[in-house]
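Got a structure for you, questions after.
Order of writing sets the chain letters: A, B, C and D. Residues in each chain are counted from 1.
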Amino acid sequence: MNVQIPALLILVPFTAAPLCVLFRHAVASWVIAFCANFFSFFAACVVLSHVRSEGVIRYKVGGWMAPAGIEYYIDTLNAAVLVLVSGISLIVLVYSYHTTKKEVSLSKHHLFYAAWLMCLTGLMGIAITGDAFNVFVFLEVSSLATYMLISFGKDRRALTATFRYLIMGSVGASFILIGIGFLYAATGTLNMIDLAERIPDSESQRAVLVAFSFICIGVMIKAAIFPLHAWLPNAYTYAPTAVTAFLSGTATKVSLYVLLRFFFSIFGFEFSFGQMLLTGVLLPAAIVGFLLMSLVAVFQTDLRRMLAYSSVAQLGYIVAGIALASQAGLTAGIVHIVNHALVKSALFMSVGCIIYQIGHAHRPSFDNLFKRMPFTCIAFIISGFGLIGVPLTVGFISKFALIEASLEQNYWWLAVLILVSSLMALVYVARVAEVMLFRKSRQETPESSGMSEAPMSMLVPMYLLIAIGLYFGINGSATLSLAGEAASQLLSGFTMELSQQ
Amino acid sequence: MFVAATIALLITMALTLWRALVGPTQFDRLLAVNSFGTKTVLLIAVYGFLTGRPDFLDIALVYALINFLGTIAVLKFFEQDDLGSGQYQEDDY
Amino acid sequence: MEATVANVLLTFLAVTAVGIIMLRDLLAAVILLGAYSLIAAGAFVVMDAVDVAFTEAAVGSGISTILFLGALSFTRHDQKPRPNHSWMALFLAVAAGGLLIYGTLDMPYYGSATSAAQTNPGLAVRFLEESGSEVGPPNIVTSVLASYRGYDTLGETMVVFAAGIAVLSILGLKRRRPGENAPLDAPGDKTTTLVVNSSADDGSIASPNEMKRYPRQRHRVLQVVTKLVIPFVLMFGLYVQFHGDYGPGGGFQAGVIFASGFILYGLIFGLQKTRAIMPPSALRILMCLGLLLYCGTGLLTMVLGGNLLDYNVLAHDALHGQHWGIFTVELGVGITVTGVMISLFYNFASKRSL
Amino acid sequence: MIDLLILLVSWALMIVGCVFVVSGAVALVRMPDLYTRLHGASLTDTGGTLVIGLALIIQALFVFDNSMAAVKMGLILLFTLFTSPTASHALAKTALLCGQVPLDAKGNPLLDGPEQASLLARSRPADYRHGQDKERIAQQIQALDNRGGDES
């Protein structure tokens, strides 16, 4: 592998964003975005295989040694997140070609794709870096781009949703910044590895504690973890369909990655889960989150809002896995990050197809949809199975791993609650499926009669994603071993990597 | 000498700030803030000499410029309720 | 003495902040925010953070006032009174504030020479002792900003760019069709709507909220003085841009100052005339070019065999390479910031005149 | 001898400047209405800056031996000398235009009402060029009169 690939991975989409704006041409900007994204995906795959075969990559940006300069620190977890983000972005980008044409005015396409690239760059920049402040910088890039992407929504309520997200997101970002500032005051460094070494010896343990709380809350807002999720449903409901599919698979997942990195690698397992008693805070929040949000999702009639609440619920599973704070729990959490990203993006893509043809995603009007859009409906139902956790889908793998992890610690009640929440998922998916498949349309409205299947350029990427999901559902060991590797690296902190170097 | 000037300037700034906070009209506030800006320029200049490093004058220069810009912008907003209109502009040229 | 000045300024800051919170009138709050930024910048100078003070003065006091005013021109000026107080919000704010105070309790004292941040051999000590021989510029802030942490600055430039694009996509510059005249320059349209504040019995107070538009006025004095001043502003912007290695300043500040020259022109002579001088399409190109210059420097360093943004490879001599690298990168930042700031002004100011 | 002279001159200038500045602030606080405050503040702003700036220039040249600082201070002075009175002028003009009526010492308005203040701001030798403006102002005054009659 060329040593420059990690840097190019970021720099190529970074450069492509201003190019899109410069050319100001709708199709050209899509092509630029696609090429840049394809390159990033390819590079991320190369990086992942390299990391798995030869261990951690450390790349000195600017040629400066780590604590003075900024470095990339890529282990299995980062690399997996990079592949996930760039892959989902690539697939959704292909899918977005048609929906964007319909939803965004032609004169703004170049801005749309520039924002998309900036969002992608920001998310990958967060994932790849080994510097705490750099995380904040790229968080800002991705957040600004995300606000912009959501505001492109056709519905005017997209603007209020954006505004709400903007306020919440800014609070989150400033909390993270405050936390990093306190960390710097306490340790005098910003490099993650350096931080991990210096935090236990710092004379200002109170400052470290405050830094921990602020970073934790800030990242949880960004990740939309249960009590701090208020921005998410509206943002997902009113954003352009492709954007929802993109964000649901990437943005919150990257925030979760940041959470993992700070919990385990920087503050260390003992600090986060011993001294801070995180299990006592995170686990209840996660449980209330997945139960309550699944329940709320059952009563939604707008499909995207339903899926948004279900996203918050699914994030609850991931957090529960993290909060178990064991190798098995962490593995389950990481697997579910990947699996949920695959499933939820596919679901939002299928809903996007429906919106593309009908113009909205209001469940009661899906009468007899199966006859008109069979492929879309099948895609929705298969992905819905994944959400519920039916065997042979990815959802099964991660839920099984999670239940195993909770039983390992004798938390049988947690296993039961997970099953209960899965039943609720079954209810809300089944309600949609029932309307799609079985309910006869009461009357043939003129606008719905001439309706047909969504275009191929939307169906193919959607089915590609579903196929990937099914592959990982059947061959569960692939993701599990990857996640296990990442989890053990996380639990051992940076020390293991340092001895390797 | 510089100490005396610094103290005088700080007192002045306190009084000016009081006017800015109390009002009563927006023009009073604007006047006070404008005057406050000038005092800040002076304070920074004097402070530079006080600490024996008169290299900060660049900043004082920026303040002088920005203070003018801000005041004009607010005035234009008072008059036009808008920043970009050409109302300040002559109809000839 | 220095500590006293800092404390007095910080007290001013707190008083102003409380004042701003208490005000219901958003316009007054914007005016006071200008003062707030000035005080903050003064405090930064006193605390020796000269570059931060520079930025705070240029951005906080100048540009953000204009952006606030631009935003206000789209909306109402007074805050809606809230009947019920949200105790939950108060509790959260107090909790967060309490936590912050708790965290500062065992932080090192202000200016402490033995604090962790001062004594870290890998970071602060190294910057202070070796940046001169490794990077070159006498201004260490510039070395850290553009070289040691040049990648962060790349990200920040992208943030500025993203902000510009975001405002462009939401407010949108409408392109005027050829032949379509600016409606406002025609005499006699809405310009004679003089609204008299009838509530002012004493005849003295007409709050600007209730003031509407007046017959168009010539501010001849303003026009003349502005024309005199603007060249110096632009010159000063260039000075800040290219003097950043030696004194406070750099691309961000220079970009803002340069843009404020154009903004001043726009305020006095109207958006239409400014657009004739600096068309929006040129701004779009400027924004992109600056960022591309930065990225291009990064690509070039990689092509020449170094790591991303490793300027040592740009010339035969490492110090020269650093010099060139910092120069181009700062130029890129300056160009992007100029473009974005002017573009923001255009977007926010174009409520009526477009 | 020269040193003493320099010291004396800069001290004197500095003290005069401080007196200016503080009296301006007192005026800003104590004066009864906007225009009197404006008068006090704007004059002392410019004057105080000028005098203190001169003192600083002398200091920079002869005590600190830093001619660059003197030049920069000179630029600041020049800049303030232009912008500060301009800003005050614009402030006063806009305030009049917006209908701020000046008060006398007892707090009684000096003009009939906001319209007159606004008119006052617009009244000026109108016919210095082509005589167009005279007509327009007459028109505008007419319009104002009509409007005022409607509203009262």
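Just so it is clear, contacts are C-beta pairs under 8 Å (C-beta built on N, C-alpha and C of every residue); 3 or more make two chains touch, one makes a residue touch a chain.
Fair warning: this is a prediction, and the values are worked out from it, not measured in the lab.
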More C-beta pairs touching across which pair, B-C or C-D? B-C
Any idea which chain sits dead centre by C-alpha averages? C
Where the centres are mean C-alpha positions, what is the separation of chain A from chain D, in Å? 58
Averaging only over C-alpha atoms, locate the centres of chain A and chain B and give their separation in whole Å. 47
I'd like the Å distance between the centres of chain B and chain C, where a centre is the mean of that chain's Cα atoms. 17
What whole-Å value do you get for the distance between chain C and chain D if each is reduced to the mean of its CA atoms? 27
Multi-chain touching residues of chain D, meaning two or more other chains, are 75, 79, 83, 86, 90, 97-98, 100
Scan chain B for residues touching two or more other chains and write them down. 13, 25, 27, 30, 32, 55, 58, 61, 65, 67-68, 72, 78-79
Chain-to-chain touches, reported pairwise for every pair that qualifies: A-C, B-C, B-D, C-D
Report the residues of chain C in contact with chain D in the complex, numbered from low to high. 187, 192, 194, 196-198, 200, 202-206, 208, 211, 214-215, 217, 219, 221-222, 225, 228-229, 232
Touching chain B in the complex: which residues of chain C? 1-2, 5, 8, 12, 15-16, 19, 25, 27-28, 30-32, 34-35, 38-39, 41-42, 45-46, 50, 53-54, 57-58, 61-62, 65-66, 69-70, 72-73, 182, 184-185, 187, 191, 205, 207-208, 211-214, 216-219, 222-223, 229, 233, 236, 240, 243, 247-249, 253, 257, 260, 263-264, 266-273, 345-346, 348-354
In their shared complex, at which residues does chain B touch chain C? 3, 6, 10, 13-14, 17, 20-21, 23-27, 29-30, 32-33, 36-37, 40, 43-44, 47, 50-51, 55-56, 58-59, 61-63, 65-70, 72-74, 76-91
Listed in rising order, chain D residues that touch chain B in their complex are 10-11, 14-15, 17-18, 21-22, 24-26, 28-29, 34, 37-38, 41-42, 45, 48-49, 52-53, 56, 59-60, 64, 66, 69, 72-73, 75-76, 79-80, 83-84, 86-88, 90-91, 94-95, 97-98, 100
Chain D residues touching chain C in their complex are 33, 75, 79, 82-83, 86, 89-90, 93, 97-101, 103, 107, 109, 111-115, 118, 121-122, 136, 140, 143-144, 147-148, 151
